[in-house]
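Chain lettering (A, B, C, D and E) follows the sequence in which the chains are written, and residue indices restart at 1 in each chain.
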Amino acid sequence: MALLEVSDLHVSFPTPDGVVRAVRGLSFAVETGKTLGIVGESGSGKSVSTQTIMGLTRGARVSGQALFEGIDLLAMSPKELRSVRGAKVGMIFQDPLSSLHPYYRVGWQIIEMIRNNHHEISKAKARERAVELLRLVGIPQPDRRVDDFPHQFSGGMRQRAMIAMAMSLNPKLLIADEPTTALDVTVQAQVLQVMRRLQEEFGTAIILITHDLGVVAEVADDVVVMYAGSTMEKADRYETFGAPHHPYTEGLLQSLPAYGGERERLRPIPGQPPSLINLPGGCPFHPRCPYVMDRCRAEMPPLFEVGGNPAHTSACWLSRDQVERAALRTKVVGQPLAAPAVP
Amino acid sequence: MVRFLVRRVLLGVFVMFVVTIVVFIIFFVGPGSADVARTLAGREATPKTVALVAHRLLLDRPIYVQYWHFLDGLLHGNLGYSYYHGQPVTTILKQAFPVTLSLALGAAVIWLVLGVLSGVLSAVRNRSFWDRTVTVLALFFYSMPSFVLGLLLLYVFYYQFTLAGIHLFPGAGYTYLTANPLKWFQGLVLPWITLALVSAAAYTRLTRGSMLDVLNEDYVRTARSKGLSEHRVIYRHALRSALTPVVSQFGIDLGVLVGGAVITESVFGMPGLGFTAVQAIGNQDLPVIIGIVIVASAAVVVANILVDAFYAVLDPRVRLH
Amino acid sequence: MTETGASSHRVAGTDKDVLVKVENLQKYFPVQTTSLFRRNHDQVHAVDGVTLEVRRGETLGLVGETGCGKSTLARCIARLCDVSAGRVIFDGRDITSLTPRQMRPLRREMQIIFQDPYGSLNPRRRVGSIIGDPFALHGIADGAERKRKVQEVMELVGLKPEHFNRFPAEFSGGQRQRIGVARALALRPKLIICDEPVSALDVSIQAQIINLLVDLQREFNLTYIFIAHDLSVVRHVSDRVAVMYLGKVAELAPAEDLYQVPRHPYSNALLSAVPVPDPKKSSDRHQIILIGDVPSPIDPPAGCRFHPRCPKAQERCATEEPALASVLGDSAEHVTACHFPVEKGEDLSNTSRVSVPPSGSQTT
Amino acid sequence: GNGGSSSTSTTAASGAIANQRYAANDSGTPVTGGTLTMLGTGDVDYMDPNVSYYAIGYLGLRLWSRSLYTYPAVQGQTTNEVPDLATANPTITNGGKTYSVTIRQGAMWNTTPNRQVTAADAVLGLKRTCNPAQPFGGQPDFSTLIVGYADFCSGFAKVSATDASAMKAYIDANNFSGVSVDPSNPQTVVYNLTQPVSYFTNILGLHAFDPAPVEYLNYVPAGNDLAQHTISDGPYEVQSYNPANSLDFVRNPAWKASTDPIRKAYVDHIHVNETGTQASIQQQILTNTPQADMEWDSFVPTNDIPGLLASNDPRLSLETEYSTNPYVLFNTQSPNNSGALGKLQVRQAIEYALNRTNLIQDAGGPKVSPPLTQVLPPGITGSAPSYNTYSYDTTKAKQMLSAAGYSGGLTLKFLYRPANQMSSKMFQTIQADLGKLNITVTGVPVPNADFYTKYLEVPSTAKTGVWDLSLAGWSPDWYGNAAASFFPPLFDGRVLPPTSSNFGLFNDSTLNPIIDAALKAPTEAAAGALWHQADVETMKQAAIFPITDPNQAVIHGSQVHHAIYMAPYEQIDPTNVWLSN
Amino acid sequence: MSLSPGDIVAIEKVGVSAGVPPPEGAAATVIEGRSPWRLAYERLRRDRASMISLGVIVLIILVAIFAPVVAAITGHGVYEQFRTTGLSPDGLPVSPSSHFLLGTDDQGRDILVRVAYGARISLIVGVVATLLEVVIGTVLGLAAGYFGKVVDTVIARVIDIVLSIPFLLFAISLVSISHPSLTIVIVVIGIFGWAAVARVVRGQVLSLREKEYIEAARALGAGPWRIMFIDILPNIVAPIIVYASLLIPVTIVIEASLSYLGVGVPPPTADWGTMISGAQQVYQQAWWYLLFPSAALLITTVAFNIFGDGLRDALDPRAEQIYK
C-alpha cells in the first residue's frame, strides 16, 4: 500500500465571479522512500491539491479521498489532522523568506515545532536537536546561526532551515512545494542535494512540486503531469521524459530550449491555459492540442494505461500503443521527440 | 538598536523644534498677533501689565530674539505665565495632566482590549455572524461623533439613572485618584466608555484588516503545517505581526489623547488638558493655549518614539538594522 | 521563417560593429536612503569594473546569480541610473554623463524589456496607449496615424488589433510580455535590453516569447543584451555570453565555447548545477555543489571575488585580482578572469570540498 | 443741607421687588456642622479682598474676609446694608464730607497669635486698591471722591508691578488725607470726601474697603502667592486653594460669633468644586445627588426654570439681580450707513422695532426675565415710577426710519459672543426682528474674552464702525442708593471706555448736567428725583434698549436650609445655611 | 509569478468568452476592454450595503440641494422664528407635531428645515475640506515619493510634524484667534488633514516608483512630470478616492465638533454641530432638539463610511480578500 494515495480529488472555490475549479479528479500515490514529482504550468492546481490534503485551504469545496497510511486525511477532524501535520507530514514552500516568521529566531521556530509534538522534550534538548538539524542541512556554524532571525539568512539557507524544520520530527512524507523556484541554480543544487541526502538517510517519501522539468528529471522517481486541475499523465521519470504519451507532456518537453538544437526555433504549445471558472468541455487541453479530435471536445478521457504499463497512465484518447503514438507524433509534429542537449 | 533610538529621539527633538516655531509664528507673528502682549496679559490687564508683558517677552526686540527667548523659556521648563489665572502655566498643566492621563490610559486599555480582541475574533471567523455583527457595530461606533455618544451616555446612565435614584455615575467633574479612588473610578467610567467605544471601533477595523492580511501570509501557513494548534497559530504567530500597525496607530492615538481628549473632557466637564485648553481659548488665555499645544505635541512625539522603540522590539528586522 | 542560422549575424569585432562599449563601469549604491541624521558610507558594489562590448546585431547573454549586478549593468548601459565610474559608449557616442534630458533623443535607440509581465505594464492604462507611448513621447505620430502604427506593432508581436482598448489585466502573462516587446520595438531601436524577459513565464509560453524575440531580431537586425537565469535559454539565444559574479565579469565567450569549455570554476559550477530534463543523462553527471553563499556586495572579498567558494582557490586568489584575458590558448573571443582556469575534462566535483573555507558571511 | 441723613438702609423700593418666595426653606431648627459642597464652573477672580470685583469673588470673600458694612441674609432685606466689622453706621460730620467708622473689638485676624482687626488695617486695605499689579476695577466709583486718593494712585502706578517690597515701601511711605486712623481711637477709621454724596456708606460696603492685614504687603496684590497665604477674619479660613479647581474652607478659630451679627456659620466645612458644567451641576442638584448642595458660580439653566416653577420646586430661588442685563447697545458714533446710529430718529425707530417679548423669551420668559423699559431696575433709588417710552410698533418704526432717510434700509453689524448662548440667541432674534424693517443685521462673532477687552472697551472699534449694535449688561456695584453706579459709567459722555462703560460713546449735553447734579444731591430723596430725570432723558435719547432686569435662578439641594439668595453674591449665602442630616 | 486576485478575476473573465485565443491565428471574439474602473463599478454594484448607503448619501445630497424646497413645503424659513407657535412663552422648544414635524429649536425655528439646511454645511465642509486635503496631500505626497532625496526628506518631515500636532487643539486655537467662519473651518481642516493623505500617497508612490512600468516609461524617455501624472497618478487614484471617501465622514465629524465647541460655523447658519451644542442645554425638556440633528449627523457618517468601505473593497479587492 502506498504511503499516500489520493484519488479523485476535487477542489473548488466559490468566488463572486464563479466557481474556480482548481483541482478536478486528481489522483496519485506516493510510496515510502520515493519521490513523486508533480509538474504543470502555473495555476494547474499543484499547490491547491497538496495543501487541501493537509487541510490548509480555507473556503474550498473538497471531495475525494486522500488515504495516508490507510486513513482518509480529508475525513479527519482538525485535531487529528494537526497530529498528522508536522509529525508525519512535513511541508516546505516556495518562498523561504515569507514562509518563516520574520519575528522569531530560526531556532525558536524549529524548537516550537519539536516541542509542539513532544512536550516531554526540554527546551535545551530541543535546541540541541535544532542545532543538529541545521548542521544536517548544511548551515555553517549552526550553534551560532540557530539564534539568527530569518532575515539574517540567505535565501538558500532559509530554504534549508525550512527543510530542517520540516524534517525535525522525522516525517514519513515531505511535501515540497516549489522549494527551489525562488533560488539560483547553484543554490538549487545545494538544496536538492540536501533533500536527497535526507531522503536517503530517513527514507522519507517526498512530493516535489515544481514546474522545472529539469528538477523533476533529476530527483523524481515518478512524475504526475497536471493541467487545469487534472492529471494528464502519470509515469516514472524515464517514461515521462523518454516516451511521453500525452500531447501536453510532449508539448512541455518540446518547449524546452534544451530540446531544440542550437538556435533553432523552439516549438511552444500554442495558446494559454484555460480559465478554471469556465473550462472548455471535454479534455481541457483540446484548444491547444495539435492532435485534437472531435471526441476530445466532447468527452474528458479517463486515465488509460499506456503501452500495457500499469505504472504509466495518460488521460488522452490517442492510441495507447507507444509505437503507433510515436508514428502519429512524427506525422503531426514533423519530427520525433528530440533528445535534450546537455549543457 | 541604540543608534536607531538615538536617531529617533533626535528626530523627535527636531519635530518639537519645528512645532515651537510654528506655534511661535501662529501666535506671535501671525494675524491677530498685533496685540500679543494684551492678549497674553488677559482680561482686566492694566496698561502697565501689558507693557510689562511686552517687555518680558522682548516684544520690542527683533523676532528671532523673541523666539530665542520663547524657546529658552521652554527649554527651562518654563511654559510661560498665565496672567489670567495669575499662575505659571506649568502649575495649571500639572493639575490638568493627571486628569487627562487617567482618562487616556483607562480608555486606552479598554479600547485596546476590546478593539483588538473583537478584531482578531472577527478576522478569524471571517464572514461569520459574529464577524458581521462586530463589523456593523464597529462601523456604527466608528461613525459616531464622541460628543453624541457622550451626551447619550450622560442622558441614560446619568440623568435617567439618577432620576431613578441610582447614583452610580456623577454627571461631571473629576475626583483625583489620591482623593478618593472609588469616586475617581466612578467618575471616569462614562468618559472611558465614550472615548473607548469610538476608538475601539477603529481598532476593531484596523486589527481585523491587518489580521486578515497576516492570516494570508506564508508563515501562517507554515505555522499550520507544523501542526500547531489554531490558538497558537493565531495568537503566537499571526497576532504578533498583525499588531504592528495597531501599535503604531495606538502610539499616535495615545499621544493625541494625552494631549487632551478635548471633546470628551468638554462633554463630561473634566478639567483635563483638553478642557483647560477649551476654557483657555474662551478666555484667550494665550500662554495656557500655547503651553497645552506644546505639551500635547510633545506627547505625540514621545508616543511616536515609544512606538518606534516598541516596533523595534517587536520586529527584529528593524532592530538589527 | 526558416532557419537561416544565427551564425550569419556573427560579424568579426571591428570597432565599427560595436554598438555598445562599456569601459570599467562601476555602480555603487549607498546602503539605504540617506536621512537627515545618518551618515552612512556603506555601499553596495553592484557593478564593480565591468568592461565589455556589444556588437551590432548580436545577442550578448548575461548570466549570473541573483544580485550579481546584471540588471544594474543593463540599467547603467541604458542610463536609467547614474554611473559611479567608467564609461558607456553607445553607437560611438559617450553617454556616460548625459543628463536625462540629453538622453531623451537617444531613448529611441535603446529599449528595455522587463522581467515581470505584471509589473512592467501600467495596469491603469490601455494597451493601445501603452504601446503608443513611445510615439507620443518622441512626437512621432498622432491620432489615427499613431493608432495605425501601434496596431502595426501589435500585429508584429502577435497581438490582435482589437486588443487595442483592453487593459493589461485582461491578458495572460505571455500576452503581456508581447505587449512589453511591442512597446520596446515600437521605435525600432538599435539595442534592446531584455532583462529576464521569460523568467516569469511557464515553459510553454516562454518558448513562444523566445521565438518572437529571435524572429524580430532577424527581421529588424536588432542587437540584444539578454539577461537570464536559465542557462539553457541564454545558450539558445545568445551569440556570446558573459558570466557575472559579484559585480564583475568572470568569463566572456561565444556561447558554444562557454558551454563546451567553461574556463572559470564558477562557470563550471553554474553550468553543472543546471538540472537536465533528461533522467538518463542527469544521473551520470558530475555536479559541482558550491559551498556557502554569495558574499555581501557591500564588502566583497579581496582578490578574486569567487575565491572563498572556489574549489581551486589558492593563496594568490585571495590577494591578486585576476584580469579578464584569454587563457589556456583560447581564442581572443574567449576571455576568463581566473588565475587557475579549468582544463577541459578536469573534474571539479571531486575537489569541491577541499580547500573551501566555511563562509561565515551573512547576506544582510 | 449737608446732612448725613444717608443711612445704610433706605431702599424703600425693595418692597416693590417681585420676590419669589420659593427660597428660604426656613422651617426646622438649625443644625450646626456638616460639609457644604458648592458646585461651580469657574474660579474666583482674585483671592484678594481689595482687588476682587466680581460677584463670584465676593461670594468667596463672604466666607473669609469681612467688610465694614454688608448685606444681611434676611429675606426681603438682602440689599439693605448693615454694619459688619463696623460697630454702627458711620458718623458723618463736616457737612457730609467726613465719615468715621469704628471697627468692632474682638474681630480678629487668624494670624498667630490672633490679632485684632484695626483701623490701620482698613487704611491699608484702601491703599491696596490701586496697586500697580492689579488695581481694583471699581475705582471710578470713588476715585475722585476720596481726598488724595487719585494722587496716591497715580504715584502708586509708577511702582514696579512685580515687586512686592517696592509696593510695600510705597504704601508705607505715602499717606493721603482721604483715609486715616482716628488719632483718638485706633479702631476708628476716618474718610474725608471731596464733596458730600448720598451713597458713600454704600460704597463703604465694598470689599475693596475691607481691612487688610500687614502680612499682605509681603505679596504681590492679587497674586498667586497671596492666594495661597490668605489671612481670614471671617468665620471660615481657606484650607486649600487649588486655582480653577477647588476651594476648601474650614472654620476660622479666630472668629467669634459674638462679633459677627451677620453670619451664623452653621456648617463646619465648605468644599467648592469649580470644574463642573452648568448642565451637570443643575442635574446633580436636581437629582439630589449627595455631595451636591449648592451652586457656586452656576445658575439654573434658563430652560430648566419653567419646569421648576411649574412644580413649585422649593429648591429654586428666583430673585432679582437689580441689574439691567442685558440691554441693546447702540454705537452712537458708528460711521456706517452714513452715521445712521448717530441720528436720534434712527435709534428711536429701532427702539420701536425691537420686540422685547421675543428677547425675553430668549432670556427664559417673563418670569425669569421681567421686562425692563428704563435704565434703572426696580429697587434702585430713582427707578420709580416705572415708564415705557417706546412700545413695540413696527409701523411707527418704519415711518421714523423713512423720515430719517433710511427707507431703503440699513445694514447693521451686531457684535456678539457665539460662545454665550443668550448672546447668540438674542443676536439671531434681533436679526429676525429688524429684518422685518428692512434692516439687515450681520453678526460679528467674537470670543468671550475679546468681547470687552478688544472691542467694547476700545473706543476706536466703535468709532471705526467695527460694530453697530451689541449687547451689554450692567449691575450696580452696590445696592439701594445705587444710581450713581449706573449713570456715570454708562452714559456720561465725558469719560470714555475703558475708564467708563459707555461703550456706545453716548454723549448728551442735557444728560451730563443732570448726572452732575444728582451725584451732588445731598439726600437720597433729592438724588432719587434727579436720577429719575436722568433716566427719562437717557431713554428719550434712545441711548440703549433695555430688555430686562432678570431674576437670578439658583437652586440648592433639599438638604440645604435657610437658603437666602443674595444679589451681591448672585448666590445663596453659604454663611447662613444649615444642612439637615 | 505573482498574481493578485484582482488580476485573476480579470484574466479568467477574458478566458471565459474567448476560450483563450492562441496568439498565432485562431479567431478571437471581440471583447470591449473593461477598465479597472468598470470592474470596480461592477463589484460595487453587487455590494448591497454600499448601494443602500449610496442611496442614503444621494438622499442627503438631495435634501441639501432641495433644502429650500423643504422650507417651502413646510412654509418655515431656516431663520424664521416662530415666537408664539414654536416656543413656549418661557422660550422652550415645542415638541414634534403636525405643524413642526420634528419640533422646534430654542429659537422657535423648525428643526426639520434646519436639519435639511444643516446638511448643506456638513456636505460642503465634508467635500470641500476633503478636496483641499486630497489635492494638497496628493501633490506633496507625489512630489515626495517621486523625487525622493531632499524633497522627500523635507516633505516627510513636514508630514511628521503636522501629524505630531494635536489636530483638534490646534484647530480650535487657530479658529479662535480669527473670526469663526465657514472658510476658516474649511481651511483649518485642510491645513491639518493633508498630511495623512500625503503620507498614504507617498507610501504608494514609493512602492510604485519601483515598479517596472515606471522604469519602462523612463526608458522611453518620459520626463518626471509625465511619469508622475500619467503613469503614477492614475494608479493611486483608486486609493486616493477610497481615502477621500473615508475622509469625508471624518471631516464632517470634525466640523461638527468645532461647531459643538463653539468655534465652528457661526449662527444663525443651520449646522448640526451647533444644533447639538444648543440642544445640550435643553435636551431634558426637548429630546427632539438633540435627537434629530444627532441622528442626521450619525446617519451621514455611517452612510459615508459604509460606502467608503464598499468602495475600497471594490477598488482594491485585496483588502477584503475575495478568496478566503
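The rule is short, and it goes like this: a residue touches a chain if its C-beta (ideal position, glycine included) is under 8 Å from a C-beta of that chain, and two chains touch if they have at least 3 such contacts.
Computed from a prediction, not measured in an experiment: that's the story for all the values here.
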| item | value |
| --- | --- |
| For chain D, the least number of touch steps when starting out from chain C | 2 |
| Remotest chain, chain A as reference, centres from CA atoms | D |
| Centroid distance [mean C-alpha coordinates] between chain E and chain B, Å | 24 |
| Centre distance in Å when chain A and chain C are each reduced to the mean of their C-alpha atoms | 30 |
| Where chain D and chain E are represented by their mean Cα positions, the distance between them in whole Å | 50 |
| Centre distance in Å when chain B and chain D are each reduced to the mean of their C-alpha atoms | 41 |
| Residues of chain E whose C-beta touches two or more other chains | 1, 11, 13-15, 20-21, 23-24, 157, 176, 262, 280, 284, 324 |
| Contacts with 2+ other chains: residues of chain C | 35-36, 172-175, 208, 364 |
| Shared-contact residues (touching 2 or more other chains) in chain A | 42, 151-152, 270, 272-273 |
| Of chain B, residues touching chain D in the complex | 35, 38, 42-46, 48-49, 52, 85-88, 91-92, 95, 154, 158-159, 162-163, 167, 170-174, 268-271, 275-276, 279, 281-285 |
| Residues of chain E touching chain C in the complex | 1-3, 6-7, 10-11, 13-15, 20-21, 23-24, 28, 30-36, 148-149, 153, 157, 211-213, 215-223, 226, 231, 234-235, 237 |
| Chain A-touching residues of chain C, taken from the complex the two chains share | 1, 3, 5-6, 65-66, 172-175, 202-208, 210-211, 214, 229-233, 235-237, 256, 259, 269-282, 285, 287, 289-294, 358-360, 362-364 |
| Contact set on chain E toward chain B in their complex | 157, 160-161, 163-170, 172-174, 176-178, 249, 253, 256-257, 260-263, 276, 280, 283-284, 290, 294, 297-298, 301-302, 304-306, 309, 319-321, 324 |
| Interface residues, chain E side, partner chain D - complex | 79-81, 83, 87-92, 106-108, 176, 179-180, 262, 266-268, 278, 280-282, 284-286 |
